[in-house]
């Protein structure tokens, strides 16, 4: 079944030269996927003595569905977004390849195919990052190096595993893991985690992410941040739930603690950075890192509720971050800028974009009654009900990050859509329908998931059961923690929506005839008449007081990163760039060479 | 039916009058030296909050424009702007002799002499300067007017906008104000 | 004036010091702590700089301008203060009323900026090389600078503003107020009432 | 159908009660502040007069749809919070005040409380008034400040009682005594946090008149301001009831409720009456200082008790 | 024209934070001010022009309206200038009464300033108290002069009328009351750590440059420079009284607050001294018929230390019954214009009103 889809995709790759074809390919693949996933066939492809095995299980179904659904919508958006740009063939090839490879990762049943698709994903996304032709600020290189480190780590782990159990199958590793020695357990675990953490942009390995997210074309960033990073989560979840939980107790504890706190710190720091950003794309990029931090924390805690929340958040994050990146992309395309300090008042020009961005922002902030809240709630409850005291302190970090998220969410909406209407943006019009439709559809999905999160719980619960949890309970619209406390989303949703509609109706019909719209120039300016060139939008350094308040924290980390870590990396790049030409083929060649070397000498080393 | 309707109308008017007259939000705009008697009126000696008077910072929220003294032509422009941004019903209380006839600044080249030719004035309080008691007495007067439905300066302004505009433009040479949207 | 020390030695020393540097200048002691000097227009900036840097008149208290329309000139008065000696020095200079210009001194004292803006607006004195916002107190003023003696404010007022005619009935407002608020007028107040 | 009717009835009744009590509190607070300032102060019903006058304003202007529905966001949040908070303890004399008490828990309420702020902030953002935007920037920054001790306090309470629902907390308190005494550090933290939450001095910089006019509501007048004030009254009451429920075991009748909420309300009010205001960063640092310290002690206390 | 990057904030004229009717246009980035300009002229009445049209005594009604919170130094200044030109003697008792009035006015203004300074930091209770207490001082004025705000009491040649019976006792009583209240003010405002945090280090003036920049009054004394017209250029009977100048070295808002706080105490003390030492005698050296009163040609520059700083009057007579020129310079003429503009660069939006109050800006004396 999976192979069928892959073949279907592969067939399409070559002739694909336009976005439309890419959309058709992906959406038809999506259609095929969603209509024919009942079977769980396993396809085995044998290449000489490697056996590649593909198949779908309940767990990977969640990710596969997410990838297919969202990338189908994004590729529709992509048609309009990319129209009129250069090198469409190049872009769309890589775009489709990235999506295809994600499917491949999800479908992979053994580490080799997993790794191959992982690398295809890496370099296709790398090629899109450097799509503009210029590698400004060495983002592409940075991304490549981090991915390479991650890739090598993973490869090494795979080879070690193979040397231990003589099998590449994921299931075999899961079964054999408890039998490993203490050091081996740790080594494999850490190496895999490094590999996945790079993609999930966990704190020490996140350096590549903000620029790479913000500098690639927005239609791809929606995929990049929404889905591609989730592949890291996909792997991590397997590691945490199926593998680590079977390690000796002390180790599990340490892994989960370290990773959970790393996730928490990632969330807080990235949120702080997001708050002080001046560019919408960069803001969203940091926000993505922060949100991935929650998910990692959720996985690391490892209780039923927390894993469910992590997986739920992973899907929801793909939805709302997808919308936000697409909305920013729409603004970028229509207005030609994403600078939060210059743009403003696009709400009257791009109402639909605003609507979807608003819904996504509310979901991101975790405010009821949308889907985002469900995930956040489960995460908090899982931490509060946790028996481990350190999680109780961690919950404060997560809360801090989550509250500070309101700041950047507001800044984003305010900077792009609200504020003074300036004549320089008069020409802006609503984005074309292919861009608006996916956003609105995804926004409606978010609203629906707020009403009935159970729609998503069902596959996630199945997936978790596949991973090794037992009796993962779920209800259509009611959330509950292990203390038996519940939140009934149906009532929440119902009351919020009813009250809001009533309030809106009331305020509209009251004095309707004598309520009038006035332009934003007609504001209270202490009785003075502003001159034309005077700027009345308060958008520059919007959170200056907050910046000053968090300055001590920020200064320390900034020093740490940029002076020590950053400088070290820069010099490393200088050296590494001699080896890496920035060319994907060369890189692939290196990978192959490395693989061969490892295969040749691996057995001697690890025997 | 007719009488009943009238009765209802009367009760509604009474409630409206009561609410409007007992909650006067003044615009915090000290246009002239009269502003020095506002703090005493607000604070513990006279405490005008007893009567529901309160100072508001922006014209959108305010009901009463308190012209505390003479208006220089430069201020007049800002006063008109603030007045036009206020929401109806709105009232103007002018105090100090200088708002009535120019007072001691009758021959000054930079102050206007008759405020009611530029914006409609509901209550004048004379004196230079009026004591807080006088200010409050003037405000009581305004309350009475509101209760009776006589304080209709805003309506006058809206209906005779052209006449007011003519007068205003005579004094304010560089007229760059947005249109009055009420 | 009551118990003043009539020892004017320090003041006279200032006069001597000024005359030593600028022989063309006339200076006299006005009273205790007040010294007055008359300088030609060309010499004024150098006298000011000298007074500030050498004689210790660090503070600029005031710059005033008097319009002597009969003699066709403006009199500019720079009033300086010596915080150590506690002496006020008035430096006076005459400039022609036609095309009145004066040296810009806001490089010597920052706050001279404001005074010069005012003089430019109120008297029409130009300060070459002086950068300062055009409008200071008046807005959109297109008449003669108002502080000139030949500007008749009464005529201007008659033209520009509405004037309320005086009240004919000469009624006492206090009675009206008392009546309206049903207030008892005390006996002693009644004799002041104009309403008999 | 009957359920929905009951819900609507309960909502309406609760809302009415909350509005009446909240607005009365507003008036009382003005009165009390006036007394500390050697004044008589307005009558207790002054807020009702103000609000009804604002509703009776003839005209209203708005700068766009977001400003138009901004107050609707605010009132939605206030009423929803109120509906999920048990106004009276079980066995109170109004059985239909139960509303939706069993349908939500504390985490939900924490989030619901910011719903209105965010909606309002969006409405305010559309006015394009720089003063209002500065107010929003300050208000949201400050929110990050006081949410941390607030959440710390609540988390430690939840950990101590092993429940996250308010009704559960109240049951626990009925058995074990008020959390005010059972979790003293959490209560101290909460007292410090509510100084920030109620936006009285020294944490009122978000709408400091001498700097940014009236701050966020600068452009709101007439019905919009009225709706904001209504929502503010309801919200103040909802927050107070919430706190009373969490720390003082709620109240079994209205009189006790009024006494307890008023007592709690006096903390920020009286402290505010004699304090100047902090600058934003000073406020945030203050709130992340002692309150968080007490909060961490509270958390440790709750874990190891 | 290209849109500016910095946001424009209008602080005034219709703004609760501004002192009087003026405007400070702020250009802010974040909440840091990058540029500020003071705009005045909203109160311009052309006083100096009007005085050219009025005779020497009529001008009195105008002079006191130049500074609303504290009109008496203006009256005293004008009277003293006219006396200096004319050479008119002032009876000794009149001088003592003038000093008494000036000190009472100073107390009233400081109380008003307490309200402004604390109100701009959000401490409204202080304002309510101190303005309420100021009313007791105004009551004294009302009894003495008949006017609450504008007194028109200090005339050339003396004062308009003698002290009413029992006035001294009332003054002393009020002073006792104020001294008691001062302890409460301390508790509420000066010992308040939040107020200290707000005030310390804010609105710093370079003490090296302060004199050159034209800083006068309490801000100058707070910069560690002993300068007080009452000491430096004694007028009326200040040389027979015993008092100290306020002193601080921090040169910030906190220093200015402390200087004013100290001087309020000194003023209360001074009033007591004056009442104690006041001689009996004439209070008025009668001027001739005001309509025909001619002041000989001449000029005079006189100055007074008001509560907010130094008031200077330059009066020129051309030998007619009307003044040729009366040019008035108040402390705010420098404080609110160039000094404020310079100080606000780099300051925080939260502190603008706070700094302005500490400088004692008052627009009427800039515009006149």
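A, B, C, D and E are the chain letters, set down in written order, and residue numbers restart from 1 in every chain.
Definition applied: contacts are C-beta pairs under 8 Å (C-beta built on N, C-alpha and C of every residue); 3 or more make two chains touch, one makes a residue touch a chain.
If you're wondering where the values come from, they're calculated on a predicted model, not measured in any experiment.
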TODO: Enter the minimum step count from chain A to chain C; a value of 1 means the two chains touch.
DONE: 2
Task: Separation of chain E from chain C in steps, with touching chains one step apart - done: 1
Task: Comparison of A-D and B-E by number of C-beta pairs in contact, larger one - done: A-D
TODO: Averaging the CA atoms per chain, pick out the one whose centre lands closest to the mean of every protein CA shown.
DONE: D
- [ ] Report back the single chain whose CA centre is most distant from the CA centre of chain D.
- [x] C
Task: Remotest chain, chain E as reference, centres from CA atoms - done: A
- [ ] Could you please state the distance in Å, as a whole number, between where the Cα atoms of chain C are centred and where those of chain D are centred?
- [x] 57
Task: Rounded Å distance, chain B centre to chain C centre (Cα mean) - done: 35
Task: Centroid spacing, where centroids are CA-atom means, of chain A and chain E in whole angstrom - done: 64
Task: Multi-partner residues of chain D (each touching 2 or more other chains) - done: 37-39, 57-61, 130-131, 134, 137, 209, 213, 218-219, 222, 279-280
Task: chain B, residues touching no fewer than two other chains - done: 28-29, 43-44, 57-60, 74, 77-78, 82, 107-110, 181-182
Open item on the list: For chain C, give me the residues that contact two or more of the other chains.
Closed with: 137-139, 146, 151, 153-154
Task: Set of all touching chain pairs, with the criterion as stated earlier - done: A-B, A-D, A-E, B-C, B-D, B-E, C-E, D-E
TODO: Name, in rising order, each residue of chain A that touches chain D in their complex.
DONE: 344-345, 347-348, 358, 362, 365-368, 373, 376-377, 380-381, 384-385, 389, 392-393, 395-396, 399-400, 403-404, 406-407, 409-410, 413-414, 418-421, 481, 483-488, 491-492, 495-496, 499-500, 503-504, 506-508, 510-511, 514-524, 526, 536-539, 542-546, 548-550
Task: Residues of chain D defined as touching chain E within the complex - done: 33, 36-39, 130-131, 134, 137, 201-202, 204-205, 208-213, 273-280, 282
Task: Residue ranges of chain D in contact with chain A within the complex - done: 7, 11, 55, 57-66, 68-69, 71-73, 75-76, 79-80, 83-84, 100, 102-105, 107-108, 111-112, 114-115, 117-118, 121-122, 125-131, 133-134, 136-138, 140-141, 143-145, 147-148, 151-152, 155-156, 158-159, 162-165, 168, 213, 218-219, 222-224, 227, 279-281, 284-285, 288, 295-296, 299, 303
Open item on the list: So in the complex, the part of chain E that touches chain A is made up of which residues?
Closed with: 1-8, 10-15, 23, 25, 28-32
Task: chain E to chain D touching residues, read off their complex - done: 7-9, 15-17, 31, 118-125, 128-129, 132, 188-189, 192, 194-195, 197-198, 348-354
